[in-house]
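So, here come the structures, one by one.
First chain A sits with chain B, and in the next complex the same chain sits with chain C.
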Partner chain A sequence: MIQHLLHINHVSKHFGGNVAVSDISFSVDEKQIFGLIGPNGAGKTTLFNCISGFYPVTSGDIIFDNRAINNLRPDEICHMGMARTWQRVKPLGSLTVLENVIIGAFSITNSTKEAEEIAIEQLLAVGLSDYAQKTAGSLPIGLKKKLELARVLATHPKMLLLDEICGGLNHTETETILGIIREVRNKGATIVFIEHDMKAVTAVCDWIVVLNSGEKLAEGTPQEITGNPEVIAAYLGGGHNA
Partner chain B sequence: MLNIKNLNAGYGEMPVLKDINITIAQGEIVSVVGSNGAGKSTLLKAISGLIKSKGTITYNNESLHTLAAHTIVHRGIIHVPEGRKIFPEMSVTENLIMGGYLHPKDRKKNMEQVFALFPKLADRRSQLGGTMSGGEQQMLAIGRGLMGNPKLLLLDEPSLGLSPLFTEVVFGAIQSINKSGVTVLLVEQNVYQSLSISNKGYVIEIGSIVLTGTGEDLLNNQDVKKAFLGM
Partner chain C sequence: MKQIIIIAVIAGFAALLPLAIGDSPYFIGVLISVLMMAALSSAWNILGGYAGQYSFGHAAYFGAGAYTTMILISKFNFNPLVGMVAGIIVACIIALITGSIVFRLRGHYFGLASIAVAEIVRLSALNFDFTGGAQGILLSDVSLWGMDLNSKIPFYYGMLLVLVFTLGIALNLRKSKTGYYLQAIREDQDAAASLGINLSFYKNKALLISAGLTSVLGSLYAVYIRFIDTSAVLDLRLSIEIILTAIIGGVGTVWGPVLGAVLLVPLAEMLRSNVIGDVLVTQGIVSENSGLGVFLKGNLAHAHVLVYGIITVLCILYMPKGILGLFRRKK
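After this line comes the complex of A and B, so read on.
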């Protein structure tokens, strides 16, 4: 039987009078690549912030790996096996690329040698090994996105939350990242993927939820979603196949 | 309008751009495409005076090399940077006012144009920039650039983080900004959309221009198709 790894149960998040996320429910199955899409300001990143423990929810429950995580800290959630990347990338700018990834690896080992080995492996995987000794702050945005990915992979997560990881990458670079995502899934991880590049979303996602103005607009397979007139009107527009 | 000859630039001792030659005529949209780390943003920074460079950059027959970045803004070259770089502790309106600092008389008119282009910014005019979503910040960064009465607009990945529908809106907006008389130099990863609206394109690889042609030529070029369009 397929196990639900993540349950979002009637989750709402308000900022004062502003309702950013309104009564959202969905489940993510183990080993799924799950897409979360929607217009700018729909609440996608806010929902990620709730799931990963950076924002307390206003109401509702978040269940990860059979445990309610609403009241856990981000570091506790990370230790349970969930890792996330940031849309507005957050490298430790004055450290090297390698050191940034080593810090990710320290969540699963106390040995510096082991952490370095894990980090080098992940830099190779995302294609950043040539930049290992560069200062993280000096990378262009697309490479900072790859660094974000390497850093979360170094925590060997059960679930990855990826926030616009392909933003700022060209077609070839996006293909590399999608290849990594598929490989990570094949090794047993589950992925929730916020992305605007619909080619990327439809290429890798098994299931998609669409948010609009904080509410769930639709959910379904990539085929169902790209053919849904409401989704086309709110999000895709006419030229998404181009 | 803009003539770049044998441009070399970099950071410290690390060279990034090698002997770049680019010409932009008044009224054109010109795209520069290439992989991450190829030097696209560095090129824009060299033009707007944010980094030092060697070679010649002439703008309307004046050398930009001797000018400070703020003087270059006075000449009408406006740079919308990669990664938004909005003022997070200022409201949407205040961010826009900063963009129009040199043109207080045009502030009202320009702000109305920005709000017409991005109605979402009008809804959120008193919200702090830093609390907006990524895509909304991108809209604000473009809007702030437009407040400066650009003659030559340098756009660094304007579609980054924008939804597909909104990306179309922004590319449409770039075309209408261009039709109103603004010359545009565009750096984009959305190669299809940017070349589609460009008079001319340059492909840059590891700091050198390797290919140039009309937008249409490049869209039909086999190497470009393979590397950037996935066809």
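After this line comes the complex of A and C, so read on.
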């Protein structure tokens, strides 16, 4: 039986009078690669911030692993097995790459030695082993994105929320990251994935939800979404007839 | 491991130092000040350097230790060690109240609140009767296990012991989960929270460790000097001196605060006793009767705060990672 790992139930988020996310509902199944797309300002990152506990929702429920998580702190949500990356990367700048990943690994162990072993393993998995002793702040953007990925993977999450993990990367780098994501899913994790790059999304996602101006515009398989005239209109602007 | 050996070697050397310089109370006194400032600054560094939470009110915890100990000894004739333990408890209660309220907020609120709390503690001590008010507390006699507490030597070893203990904690923390978590909080609180770090728990933990150690030093200092008042143990100047020592030595490193204290305390002492002015005059570099000579003899002693300030400004401009930062290779 397929389980809903994450269930978003009529979630809204208002900032004062601004409605950033309005009455969104969808479910993410276990071991899915789930795409959340939409134009700038559609509310994708706001929704991520709500799911990961950084913003309280204005109304609605977020159920993860059969438990309501609306009122949990980000660190509690992380301990439940949900980890996120940041669109604007947040490396722990003056620490080394290895130390960054060790800190992620400490969420599942108290031993420094074990955390280090997990970290080395994850650096190998994303191909950052050569940079282990470099200062995280000194890495170029492509490697910082890989570091974000290694750091959340070290928490051994059930579900990964990736916020534009391919943003600003070139074609080869994007391919590498997508390869890693597929591998992580094959090992049993579920992935929710915000992305701008339609090609990247359609290449890896099983299911896609499209947001526009804070509302859900459509959902379906990549084929259904790329053929949906409303989605095309939202991406190209209302005046165009696709 | 290497660092533990360094601590052992330096501590061994420091332990032999009084034998080498004999019983000069003046020099032992200066050395005690160096050890105390090194330990205070190291304790502050666990919170300010590792976790990036700058406390501008550590005098509150120093004073909590000093006052609690002195009140228990002078009014109730307690053993000084009991006073020390009680001091830790009082300091930790003040820390917990401050931390549990202010650490929910981010940014500079903790820094501001730490000044406010320290001033509340200072003004309370100044106005309550049981703290001796403006007159402070004087201790005519104190004893512990039959030691000669009129000599400075027991306090020298006491300070050394607390310093070694503090450095041991600082070193041990650095390679532990808590130490890593504190550094993550310093670097980026959002990233830290998203990696499963309970921000307020770990900030409070760092504050409690730091406040507890600071209070032990306050107790030791009070029994050593046998007289305390608010300007001696609760003054904002003390809080600032602790921070400057850490900044100039190297914030966030194990050895920076020690280096800062070794350089700054003797320098301040030389300025205060006007050794520098005297040497310039007796060596004939500056004529005693010239305008400059008169100025130096008259005023240099008051200039140690100014010199501290100038060094700090130069430090921030030219070596933001402190003196120790100069020797660190960039990775």
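FYI, the second predicted complex is superposed on the first by the 235 of 242 C-alpha atoms of A that agree within 3 Å, B and C clash if a C-alpha of one lies under 4 Å from a C-alpha of the other, contacts with A are read in each partner's own complex, and residues count from 1 in each chain.
Everything that follows uses one rule, which is that contacts are C-beta pairs under 8 Å (C-beta built on N, C-alpha and C of every residue); 3 or more make two chains touch, one makes a residue touch a chain.
This structure is a prediction, so every number in the text was calculated from the model and none was measured.
Student: According to the stated criteria, A:169 is in contact with first (chain B), second (chain C), both, or neither; which is it?
Tutor: first
Student: Does chain B (first) or chain C (second) touch A:40, or do both, or does neither?
Tutor: first
Student: Have a look at where A:142 lands relative to chain B and chain C in the superposition and call it first, second, both or neither.
Tutor: In the superposition, A:142 touches chain B alone.
Student: Which partner does A:235 reach: the first (chain B), the second (chain C), both, or neither?
Tutor: The answer is first: A:235 touches chain B but not chain C.
Student: Taking the superposition as given, does A:199 touch the first partner, chain B, the second, chain C, both, or neither?
Tutor: first
Student: Across the two complexes, find the residues of chain A that touch chain B and also touch chain C.
Tutor: Comparing the two interfaces on chain A, one with chain B and one with chain C, the shared residues are 138.
Student: Give every residue of chain A touching chain C within the complex, in rising order.
Tutor: 52-54, 73-76, 78-79, 83-84, 86, 90-96, 99, 102-104, 106-107, 110, 112, 115, 133-135, 138, 151-152, 155
Student: For the complex, give me every residue of chain C touching chain A.
Tutor: 175-177, 180-181, 183-184, 187-188, 190-199, 330-331
Student: Sort out for me which residues of chain A touch chain B in the complex.
Tutor: Counting only chain A, the residues touching chain B are 15, 37-42, 45, 87-88, 138-143, 164, 167-173, 175, 196, 198-199, 234-240, 242.
Student: In their shared complex, at which residues does chain B touch chain A?
Tutor: Touching chain A: residues 11, 33-37, 41, 82-83, 120, 131-136, 138-139, 157, 160-168, 189, 191-193, 227-230 of chain B.
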